[in-house]
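Following are the structures in question.
Heads up, the next two complexes both have chain A, just with different partners, chain B and then chain C.
Our next item is the complex of A and B:
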């Protein structure tokens, strides 16, 4: 992060609903021009947090600072920020053009200038100019998405908030729109704060990601950091399928599998580590043929395989537990279902987490 | 002839509607072409009844009915929109109780409620009697005047305006209002630009419902108006009862249907529900 003043700062922000803290002691700085994504399962408080940032809710305690100015009590319509809603919240009784021009009309700009700006934004978002007079409800899902974004950009906000706007869209279009959104971010150089329950979506677009759980931010980092060095089992499992082994330090001071007692080689063990989990991503596990060696190895039975497009995922049963192994489709592998296989991984590919 | 499953399933309803809705309507229309003062469907069709109406002063009754209905609808709109808005957005947990209070009068016969108003408004009645004995005020009773009729109509038809409006307002999504507010609109602008237009379907349905009901009202003018005003519905009743001229009554009823039907169609064309809902 550049060491200039953050555009948005949260200081011990908390929001209580009755005795329940929906958002709990959040401290966060978001840099100018950053694409920051808050990820969390439903009920983790991410929507409440976004509503506070946008001015539709006020924190119970703590401060929200915009370029150093406290904005806790400034209502949404007076904040230089704008939100793209989950439902998009387009005005169904208006045309595409009227939707985009809405914030300009509110501001009292002249009709010709409004139209010029709307057409300019439609260009930016690759909406055909002929759509200007089209009813929004006649637009497809992807087009509506662009109209909603154009309308928010017409407001010329300093920060754009996104409340899972892509969650209701089918996979293929979502992938396209994710990339488009990142392109728009590059072109407009505005600060984007995005929330989603999909870490995959967050990874594609974000400069930094904050993972939320039960009202707290459990980890903040670049997509790379979140992916390769998750600080909790929760974060590691959020990224996708992972292998999680309960581990503990034995009397010999070495790391052991807590269920089998098997000695495991691991990356440098944190000083105060007593017990926790070892996390290994499926792509770091490999099938070992006889001369091959790995730091850690277990044998099991090949139970099933799943084609994931460019990769193939295997389920291997080892005792009572199940390992997930992934390899690229083009890598050779002759194993068949029910074969005895040995799977191995190296110490440097394993991650130790405490909970 | 092979009928589709859907058509066959619809047959009971079609028969019911034919017997219960279309047949009486057709009977009235046919009767309006029968010779005056006849009581048979078998007479030679004639336009005599319509000629009689156009030569008479019935148009005054028509104008009274339409005028009273328009005034009622306008007053109801002004009264009900704020109340409906409050029920949906402001009153919170009290809304259910208030809705119930607005509904309860519907369980009592309209005539009984109107006679209640008579007792309230009549000279030396609840209102004027109390004012007289408490403050010594001697006021003229408004009973048997046009304002009393309008009061009765507004009172009786209030739920029919209120509930469609409540539905219309509650159909405006919260996120859409939030979005307008977030885009810089003031509370008033959110109302004017988003809430009012998006709640129009409910408003239009309330207008149509109360207008049609109000045009067809008769008891208010009789009971609270004391026959100071004769609406067209009263003329129709007289034709069917005192004057025993069913064909003339039928012709008046047909004309009333035509006038109201035309106005409703015109209104629907002007305030197209689909346009409000954004379907075109």
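Our next item is the complex of A and C:
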């Protein structure tokens, strides 16, 4: 029989700071071996939530269960979990080797065994063996990340928590480390719970993502689900640039643009939908020769263009609003700035959200 | 190539620096020279040189008693002050609590209180409480003034301490005690060390507080003052020089110790690679 019990369960977890709920009635199950990422803007309560999971804060109410056992009141040093901190919190007075061996030393393991394990972990994280005696302050940013991760792995935790460890790292290195982290997850088969404010980062690594806003989980799903079927305007906008049109159901029972009154073709409309927003991602908008080439079309003025590497983004002014259109660089397009253009999208590419 | 203007400027800077150093150290050097006289009285220029007074000073049981009193007081003050100031500095700089800013200002007050008045006030307190005056009451008096200073010295180190270090150690399985021993204390060690040096030297050289609170016991600064007011012998500059040299050795030794520790660490690194 497969083990279907979640490794970590949250039941109506709430954390109050004074009258303010930093984390509010969170219910969540995290499966064994999963890479779960909590995404949210700063102040959304994700750090507070992680600190409760790691045992550095206790919930005001609700339960946190580890393999079915309530761990609310077990302090961090007694939990089989470990955290990689935003500042990494490497011990500055110790070498790379001593940092990695720290949890083993605390556990009272013999020096030879500690060293063997440290070197093994350094191998796993592609740190040269010669770094064993190196002052940790003399390591580069990426190396420090690896040392911090190796130290956490040396603890042999059942769950590893990550508190935005990559946020202070430059873009290119961050992209490399994201992939490395995913590789490490595969190799160690441990449960990873990661928090970040970047959904892009979450998408690269995660099996599932939970989006947090004002202390609540707004949506939980696979990266694919979060990307293509966001359940709120907030989630849809979190992914990146999107076009959001206020829409409502008219007297004719059809969907209309709330500002222009234009009839819009849409995917199947949820039964209780009265008004909300239509979300269209920039890559689903395209330039048309004539309005009939797509389900919905508007015309406007080509206002600006930005080269984004493999893609080019255009801004098109339609009335008072601005549409964002993206196309791949190799797709032909002859429009110039200030040209009148027609842009359109198909009903199946649009998403309806209620708030 | 240096231009003429630059050369003049460099020369001026050198002269100025030398002048400052001479003004700073001339008195100390004069004291040392005064101790090398063979005659009974203080006169300049020195007519007869000799180490007689050094020998007399070191053979004197009274002087040995003085040194031992001063050292005992300074050591007691150092140990107690560092322990109190360590926790005081944590409250000062590490933890955020209600009333912290009031505390931060209150703790500074004893430093700016005139020491002789503070000494008198403490004397009155000790007699009100019926405590017999001795070097032990002097330790207490020194602490009143020195603990705030040492608290500030250690706080500077605590400000640069990342609290996540303690959380990380705790999260990695350490008990509170292990966190303190393995992380907090070693990381804050440079601050504690300079705090200890400050405590020792401030106690060693303190006169106004000792004057009121040592009772029958006498410290080196007290003795020097008494002898200068009445009954000067070249033993005074001898003891003054000894005191200065002792403080210098302590400072240089402390600095050397920290350097040696750093070097041992780097050698450790290269040795293992």
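The rule is short, and it goes like this: the second predicted complex is superposed on the first by the 349 of 355 C-alpha atoms of A that agree within 3 Å, B and C clash if a C-alpha of one lies under 4 Å from a C-alpha of the other, contacts with A are read in each partner's own complex, and residues count from 1 in each chain.
We adopt the following convention: a residue touches a chain if its C-beta (ideal position, glycine included) is under 8 Å from a C-beta of that chain, and two chains touch if they have at least 3 such contacts.
What you see is a predicted model, and the numbers here were worked out from it, not measured in a lab.
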**Request:** Have a look at chain B and chain C on chain A after the superposition and call it: clash or fit.
**Result:** clash
**Item:** Which superposed partner A:198 touches (first chain B, second chain C, both, neither)
**Value:** neither
**Message:** Going by the contact rule set out at the top, does A:229 touch chain B (first), chain C (second), both, or neither?
**Reply:** neither
**Request:** Figure out whether A:60 sits in contact with chain B (first) or chain C (second), or with both, or with neither.
**Result:** neither
**Prompt:** Is A:188 contacted by the first partner chain B, the second partner chain C, both or neither?
**Reply:** neither
**Asked** With the two structures laid over each other on chain A, which partner does A:313 touch: chain B (first), chain C (second), both, or neither?
**Response** neither
**Request:** Return first, second, both or neither, reflecting whether A:136 touches chain B, chain C, both chains, or no partner chain.
**Result:** first
**Item:** First (chain B), second (chain C), both or neither touched by A:158
**Value:** neither
**Prompt:** Overlap of the chain B and chain C footprints on chain A, residue-wise?
**Reply:** 54-56, 75-77, 82-83, 85-87, 89, 91-93, 102-103, 106-107, 135, 151-152, 155
**Item:** Residue numbers on chain A that touch chain B, as the complex places them
**Value:** 54-56, 75-77, 82-83, 85-87, 89-94, 102-103, 106-107, 135-137, 151-152, 155
**Request:** Show which residues of chain A lie in contact with chain C when the two form their complex.
**Result:** 54-56, 75-77, 81-83, 85-87, 89, 91-93, 95, 97, 102-103, 105-107, 130, 132-135, 151-152, 155
**chain A partner contacts - residues on chain B that touch it in the complex** = 173, 175-176, 178-186, 189, 193-194, 197-198, 275-280
**Request:** Write out the stretch or stretches of chain C touching chain A in their complex.
**Result:** 162, 164-165, 167-175, 178, 182-183, 186-187, 189, 265-266, 268-273
